[in-house]
Structures are given as structure tokens and as C-alpha cells.
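Listed below are the structures to be examined.
Across the two complexes that follow, chain A remains constant while its partner is chain B and subsequently chain C.
== the complex of A and B ==
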């Protein structure tokens, strides 16, 4: 068995060393192993691809009336049938994917920009700015976000994509700001920040070189979870007729059209509803998977 | 329960709510009235009739005077008159609609909490069984589903499919007859409204129940020979509800906002339907009135939730 010369150090060396991997490639490996998250990521890539393809090609025009028999059910030429004006539902579903993805990602870009900046500044410098930010965040948590977004779109004037992204971002930035602030507060007390300060690094270098990279994991998870909530908001607004204006297709407004015709042709409501539901689920699964992958200690 | 401290706390909160309501309605008022006066009417009127109409609504005054009048009227509980349906007073209208929305909301909240707690407890009791996996998957689907999607599925099933299958003898009638819903009318919209949040409550209950039933006092309760039912219902459930209580606030706000969509699908004459309708018909005065009512409703709902904490968990005091 063990020879007499074996010291603890020898035995330690005998264990094959794990190949050096960075946090990110480690997380990537864990994410790929999570089958549900992998399938979701694959599906979402597909939806993104469809959204981009719809820019240049859809099977039929998305706005021309009477391409199909109005209220016509699924057929060979029109796999998802036609809506109440005789527009091809598959084509509009593709355009709706574009609307959803634009709003979802667009909102998160604004939220990331505002939330990270505000959170870093409040968490790092604290003082009066932090007090004000915390107060504003708490006020925003007490108000019904959907109603505020609706009234904002109304006050700005009816919904272009930009208006809607702005309105949703106004009601959604504080989740990100609160997260980044909390992360900053804890990271700024760690030894490596102390060391950086002692070696004379300027605040800008410390914030962007040390604090932000270490907070990236939770930020990515939060951004992923934020996308479906923005998509849901847009769908709600368009469902009420107060979001994206016709003729641009949105899954929300398509579902609203379908609800009105639910007795005669249920296929009109089913297509956008299922698309929306599966997409939201995929984002939620991917978000859960990312959280498990990036922060293995915090298993649910 | 109502100590002096609690009463003072309620008083302070009510003052705060009043200020919030005033601030919210002022913001919406000023936001709308930066538009020129004639943008406020949908018809194109000319000449004297138009001037008379402007004068009737006080829109011929400078903005500051309009705002003063608005504030003065609001302090007397008067939200003015509808721009579309002339002569209709907004205050009684929105109060009636508020009570309709509250009716649906309370039933939905009841569904959410009761269904959520029951499903969560069952899942925890049968941890890692097929039933647990089934309930967990249903709850993921549940909170990924927008409530209008749930509502459409429910309508397809209960109002259309069930009617076709049974020849119309068991069928949900989609039409909401009176102002208020009867039990037969209200359950479906309330269920659609509450279901996504019920899945959320179920997840929370399951997690905290699993934590609680591993604690010593539960072992003690079992050891002294209590039946499993009493251990769970009387001892474990109470403590496992504490995390559920903490999300009661967001839950209530979610149900209030979700109501806007549900009321429009089921044609319920509540505040949410009026909110969407008034924006679409550009009835600016009603928009201000409805939004003011929402601010008040959310303020009071948050206060009630905070007071409910003290009843459920006596360790919390104000």
C-alpha cells in the first residue's frame, strides 16, 4: 500500500490536479449540464433568429388584409390560419417575436445602464446620494408598475417602440439598482478593494476595475429575469390596446383580437398566447439555470 | 389589538396616503393639461359652442387657476365631470367601479392564498414524489403565464368546450349582468386573476414548510403522539406562513394591476375597465379620476397588509 516515504504533501500531489478553469467557463459547463436551461437557451436563440428573419422575410405580408379568409382556420398554405381581417397569423407571429424581443432586450439595456450606474454610485460613495436613491427605490416599490407604465405612455403620446421601452424601463430600473447597490456595499469592504485603495487606485479604477467585474454574475441573472417581465409588460399594454399600435404586430394585441373572436375561431388567440407563454417560461428556466451556474453556493 | 401606538401609526399612514394621492393626481393633471385645451375634446367644434364648452370645463382659464380649482374640488371629494359623457359626475362613478374591482380582487386574493397554501403544503408533505413534481411544474407554468392567457384558456374550456359537450347545461356564462358579480359569475375571473400568484404562494409555502418540519418543536409534537394532521395544521403551517406574509404586499399590488386586464376580458364594470376605456376614448378627466382612485386604493391596501402582519405575527408591532 502506501510506501514509508509518502508524506502528506506527496499524497496531495498524487490527486490529479483539476485543469485550471475560469469562473466563466466553469459556469458555462454547469449551465450546459442543466438540460432545461440548455433547451430554453436553444429555443430562445430560435425566437431571436425568427425575429431577425422577420425583418427581411415573412411568408406573407404582416399588414395586408385579406391574404387569408378572415377567421380562416389553419391550412396547408397558412399553417396557423388567418385573423379577423384575413392577415396571415404565422407572419404576424414572426413580427410579434421581433416586437417582444426588441422590447425585452431594449428595456434591459436601459435598465442595465441606469441601474448599474445608480447602484454603483450609491453603493460606493453612500452619503446623501445613497439616501435619496434608497428613498426613490422604496417609493417605486409601493406603486403599481403596470399602471404607471400605462399612464406614462398615455402622457407621452401613443406607443412607439421607444416610448414603450422608456415607460417600462422607468418602472423596472430599481430591481437592478437595488441589486448593484447591495453588491457594491458588500464588495467595497473586501480585502482586494482595500489593497487597491492602499496602492493608490482612483475611485473610477476601483469601481470599474474591481467592484463591477465581481458583481457581474448576479447582474447577468437579474438582466435575464428582467427580460420576460418587460415582455410581459408590453404584452399587457398591447393587450389593452395601449401599447404597440396597429398595424405593427404584438403578441399581446394579437391575443386581444383573438379573445374577441374566441367563440368562432379559437385559433386566433391560441397562437400568440402559446408563443408568449413558452417564451416567458424559457426565459424563467434560463434565468434559474444561470443563477445555479454562476452562484453554485446559492442553490434553491 | 388597537393600542394607542397602532392608532397613531394608522393616522400617520392615512395622512401619508392623502399626500400621495394628491401628488399623484397633480402629476397626472399637469401632465395632461400641458396639452392645448382643444386637444381635450374629441369632436371638432368651432365658434361660440366651443367657447361655451371650454368655459363649462374651466379650460379657458390659465393653467394655474385650473390647477387651483382642481385642488380645491379634490379636497371636497369632487373629481369633476366626464369630457365624453357630459353631465356624468366622476366621483360617484369611480367609487362604484372601485367597489366592483375590490369585490373581484378580494375573491382572487382568497383563491390565491387558499389554493397556494394547500398546494404548497401537499407538495412539501409528499416531497420528491410524482405529486410534488407535478405541482412544482404546474406552478412554474402558472407564474410564467400572463393572466390573459390563463383567462382565454379558462374561457375556451368552461364557457365554450364544456357548453358544447354538455349541451349547454354546465357552462360558464360570459356575460356579467349586474354591476356586481354573483358567485356564479365571479369565480372564473377571480381564479384567472389569482392563479399566477397562487403558484408563487405554493412555491414559497413548500420551501418554508420543508424547513419548518425539520425543526425540533415539530419532532416534539410528533413525539407526544399528536396525529400528523394536527402537527401540520396547528404547528407547522403557522410558522411556515411567515415568508408568505412578507409577499402579501406585492401580491395585493399584483392583483390590483392584473385586474385591469381581467376586467377587460370578462367585461367587468370595474375600475380597470374604466382605466383602459377612458384612455382609449381620451376622456382625460376620467383618467385623472381613475388614477387618483388607484393611488388611494394601493395606499389603503398596503396599509391593510401592514396591519394584517400584526394580527398574524404578534411579534410585529407598530
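== the complex of A and C ==
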């Protein structure tokens, strides 16, 4: 610490030496010490990398039929074997990672944008806008989400990633909006907000400069936990044939493809299902780890 | 004669709660001269903080300023548009709060928060405000200011945080600094330093200070004039020395007697004020202090006394005043300070 020159005043005021630590670097340090979360983060980085690589390279074509023996089991050239049309499962798994990650992250970007804006405005200004927002949130919670998503997909037209992301986001924005609204309601009553008002800060400054940064921790956790839920939703829609349209691979549609042959060639279902399961687990572990790391009461 | 920088007239603030209307500030009037130090004293809930917040129109829901004038350099703050008041806050009228721990945003660097006050009013750009933030921290005697601006609030000690709050308040060289219990959350050695700092800054910068506190000791050392509030009203005002020596309102008298004194006879007990502050939804009839007043007379039950001159420069709102209480009611020898004890107007006779 830089308080080397001891003036009389700082004999009272000096704090025990501690390196320049911000809230975030502190959280980062704690996150790294959580082994499960660290491994999960590492694994997810790997899946992201694979998803990006699949844009330019996969071991085999993901859509050409007959590159492997149909229903062929794992072999040296095709470590995960082939599906019922003779497509290479490893290559399709890589493409499926891309679909899942795009849907998962894309949905959360939409959810964050909508949820944060709506939640901040409703929580800060309250009044009629808050009443309307709360009502709409409750209405959305009352409608079965699969129904909403399926109707939207039918209305907008099937198949494109954008449609699916939009449809899932419509069923998923409420959690974020409600969380941000609740955070805003509590933070707006804190004294530093009053102090900011007393120093002449405008509402925009108070909302984005003071309230949002203080709500960021829970928002990050919620967003991380929201990704697997979106991925699972997409897999489910694709499994039903209403998600990504063939030949583009999705872990859900790959599992659906293999279901009929599950007794003779379980590997066709197993590969995408395991990938899905491990990825969802990793997101949840990371979310839990972030929650612990960002909780200031757990300073260690 | 110089014009007062702040002229408050008949200020009224009410809280519209589910249980009824609370009259938190009831007809408060006072003048603040440039460079003056004014203390506003009273128990918790007497309306002193609400008076301060009303001046800046920051009264929280469900409260509202319902009447009066707050003239700053001749312009009525209560009639201004939201933008005009915002322009005044933190620039001409700055406020510092009780608990520096919760009044600083925990996720923003201290220096940045000081800069914000300047950026909000465009009194400095990003670069010069950063330099000024360091200067301000030096001015409030924070050592190693250059590195402290980069610290987060949790890295500062309580005293340093309050100094940083004061630095924020001074960022735009305001003409009035309102300090709401600025030392209450601090320990005693640090309290003294903060008070000394405020006194120094008042003299160096000629910033007028309104010090709101329940602590008479704070006022004694700092303020040239004090206002004593009870149940939303001013009950006594005047020069600090004069009031300490010769309080005229029985409430002020009781407050001063409840202060521990180092020079007092060791066997003398501390006198607390019997009873509780009144319920402001249903305030007592007549003088609001009469249910607790040792010197009440029958008139106090019926009629509400107005502030009246009791000595040069000193005014009190009391039908009896301490001069009479000393002469006729043996206030000097009074040990028992229960309501009505001095005057013999007993509880139960008229209370029912």
C-alpha cells in the first residue's frame, strides 16, 4: 500500500494493508478456488471453441449421407460412429454444439436486454409502469411456456435460429425482469442513491451508474443459470421436430433421429444426450460457483 | 446588512401514511447567513432530518412538502422545476449523510464518485475532475490522496469514508453544506477530527454549514447559532453560548441537564427527560411539550405558544419560560423532573 508517509492523521485512519482489490477481482479469486466451477468453466470454454471451429472445420461433412456405414458403431476413423443415414456423429456433435451455444447465449442476450431494461424502469419509477410490468410477468408465468414457444414458431415460421431464440426468449425473460426489478426496489432505497440524488445526479445516471452496477452479481448468476434452460428448451423443441430444421444438427434433433434405433444402436442417442447433459451440468456448476463467488458476505 | 443565503419560511412537511397524516415539519422558519454555522438539535423523530431533506426537496415517499418557502438567494426552491432543483443540489447546496458506509456506492471507486458530483454539473471535464478529486481528498486531510482515489469504499476506514463524503459535498464549492448527523456513525476520536475538519473548511472556504444533530456537544464546539426542535417545531433559537448559559424553553433546559458533564459534582445524577416524544399523527393539544414538561401551567394544555423574544437575539415558544420557572417554581433546586413537578399541575388533572 502506498501510505508510506505517516502523517499524524493517518495513525487513526490507516487501514490494515490490503492490495488494491476490487469486488470483481475478489470474486474472480474465489471462483478460481472453487474446483468444480473452474473445471466447468474450462469445459465450457472448450465447447465454445469447438462450436467456433465447427464453422470452418469438421472431420467430415455434417450433412453428406453415407460417409460412415449407417448405424455404424465407433471406430478409429469415426470415434463416435455414424447415424442412421451414415453421417459422422462427431462432426454433427460439433455442429450441434454450435447450435446449442448460439441458442443458449443468444437467448440470454435477448433476455438480458429486455429483463434489465424492464426491471430497472419498473423498479425505479414504480407507479403504473410497474403495475403493468408485474401484471404482464404474472400472465406470462401463467401460460405454459412450451405452448407459447410452439405457437410463436408456427406464427413466425419454422427453422431459423433467430426464430427459436426469439421464441425461447419470450418464455424466459420474466425471471430476469423480476430479479432486476426486485434488486432495483431494494437498491433504490439505499443511502448512496439518496446521496447521489443530493449531489444532483439525473435519474439515468442513478439507474445505470449506481443501481445497475450493484445488481450485476445476481444478474450474472441468473444469466448463467438461464443458458442451460434455454439450451434444454431448444433441444426439446428440436426433439419434437419444431426446432432447428434438418440437415443442420442440434443435440435435440440428433437424439430424436436415433430414438427409433435405440435398442440396436444406442450410441446415436447416447452421444448427443451425454453432450447435452454434461454441458447443462457445467453451466449449473458455474452458476453456483459464481453465486458463491459474488456473494460479498462470503468474503474469505 | 448582508442578505441571508437561505431564508426558510413556515416550512411544512407531512407524511401521508396509512395510519394518518404525520406532521413531520410544522411551520419552521429560519435564516442562514453566508458563512454561518447553524445547528439544528433535537431528539430522534423531532423533524430535524426532514427539515434538511425538505430544503433539497428530497423528502422520501409518502412524505411531501406541503407549504412554506425556501428561498435560496431569493429564489423559492419549492417552486422550482425538477431540473432546476437538480441543478442546485450538489452544486450550491450540498448534503452529507449520517452513515458514510452506506452513503458511498460500494462498487465504484472513491475518486470516481467525487468526480461524478463535478461531471453531473459540468463544472469540470473528466481530466480536470480527476485532478480535482485528488486535491479535494487532500483538502479533507486524507493521506496519500493520489492512491486513495483508486480505492473502493470498503478499503477506507470509517473516518476516511466520511472525509470522502465531505470531499464529494465540497466538489463544486457549494455555498451551503448541510450535514445530517455526520459524526453519529463514527467513534469518538474520529468524531472530533471530522468536526474540526468541518470547522476548518467553514473558515477556509466560507461555506455556510447547517449541522443537524442530536448531540449538543457537537453543536457547542461548532455552531454559532442553534435551533432546538421538538415535535416538528422550533421551540427555541438563538446564539449557542447564550442558549447553553441561559436556556428559556423547558425542553432545551432538560436537554442540557441530560448532558453528562466532566466538571459536575460527582454525586449529581444525570436527568433524563421523562416520557416519550409525542405521536405526531395525534399531537398533544396546546404546547406539544406539555405532557413532559415539569413547569407546565394550565394555559399550556389549551393554547399553543408561538416563538417570542425572550432575550436579545433569543426566541422561545413557551408560556412560562425558564426565567419564571427559576423565580416562581424553584427550578434551581428541582430534583424531581416528572411532568408538572415544578408547577404542581399534576398529570391526571387535565390529561384525561
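Couple of notes before you dig in:
What we mean here is this: the second predicted complex is superposed on the first by the 277 of 300 C-alpha atoms of A that agree within 3 Å, B and C clash if a C-alpha of one lies under 4 Å from a C-alpha of the other, contacts with A are read in each partner's own complex, and residues count from 1 in each chain.
To be clear about the criterion, a contact is a pair of C-beta atoms (placed from the backbone, for glycine too) under 8 Å apart; a residue touches a chain by one contact, two chains touch by 3 or more.
Quick caveat: nothing in here was measured; it's all calculated off a predicted structure.
Of the two partner chains placed by the overlay, neither chain B nor chain C lies in contact with A:79. By the touch criterion defined above, A:269 lies against chain B but remains apart from chain C after alignment on the C-alpha atoms of chain A. Once the two complexes are laid over each other on the shared chain, residue contacts for A:162 go to neither chain B nor chain C. By the document's definition of touching, neither partner reaches A:246: not chain B, not chain C. In the overlay built on the shared chain, the residue A:145 is in contact with chain B alone; chain C does not reach it.
Using the contact criterion defined above for the overlaid structures, shared-chain residue A:198 touches chain C, although it does not reach chain B. Once the two complexes are laid over each other on the shared chain, residue contacts for A:284 go to chain B alone; chain C is not touched.
In the three-chain superposition model, chain A touches chain B and chain C at no common residue. Residue ranges of chain B in contact with chain A, taken from their complex: 28, 31-32, 140-141, 143-146, 148-149, 151-153, 155-156, 160, 207, 253, 256-257, 260-261, 264-265, 275-276, 279-280, 287, 291, 294-295, 298, 302.
Within the complex, the chain A residues that touch chain B are 142-147, 150-151, 154-155, 228, 232, 235-236, 239-242, 252, 255-256, 258-259, 262-263, 266, 269-270, 273, 276-277, 280-281, 284-285, 300.
Contacts from chain A toward chain C in the complex involve residues 1-7, 9-10, 12-15, 18, 20-23, 190-192, 194-202, 205, 209-210, 213-214, 216, 296. For chain C in complex with chain A, the touching residues are 56, 58, 60, 86-91, 94-95, 97-99, 102-108, 116-117, 120-121, 141-144, 146-147, 150-152, 155-157, 159-160, 163, 165, 168-169, 171, 189-190, 193.
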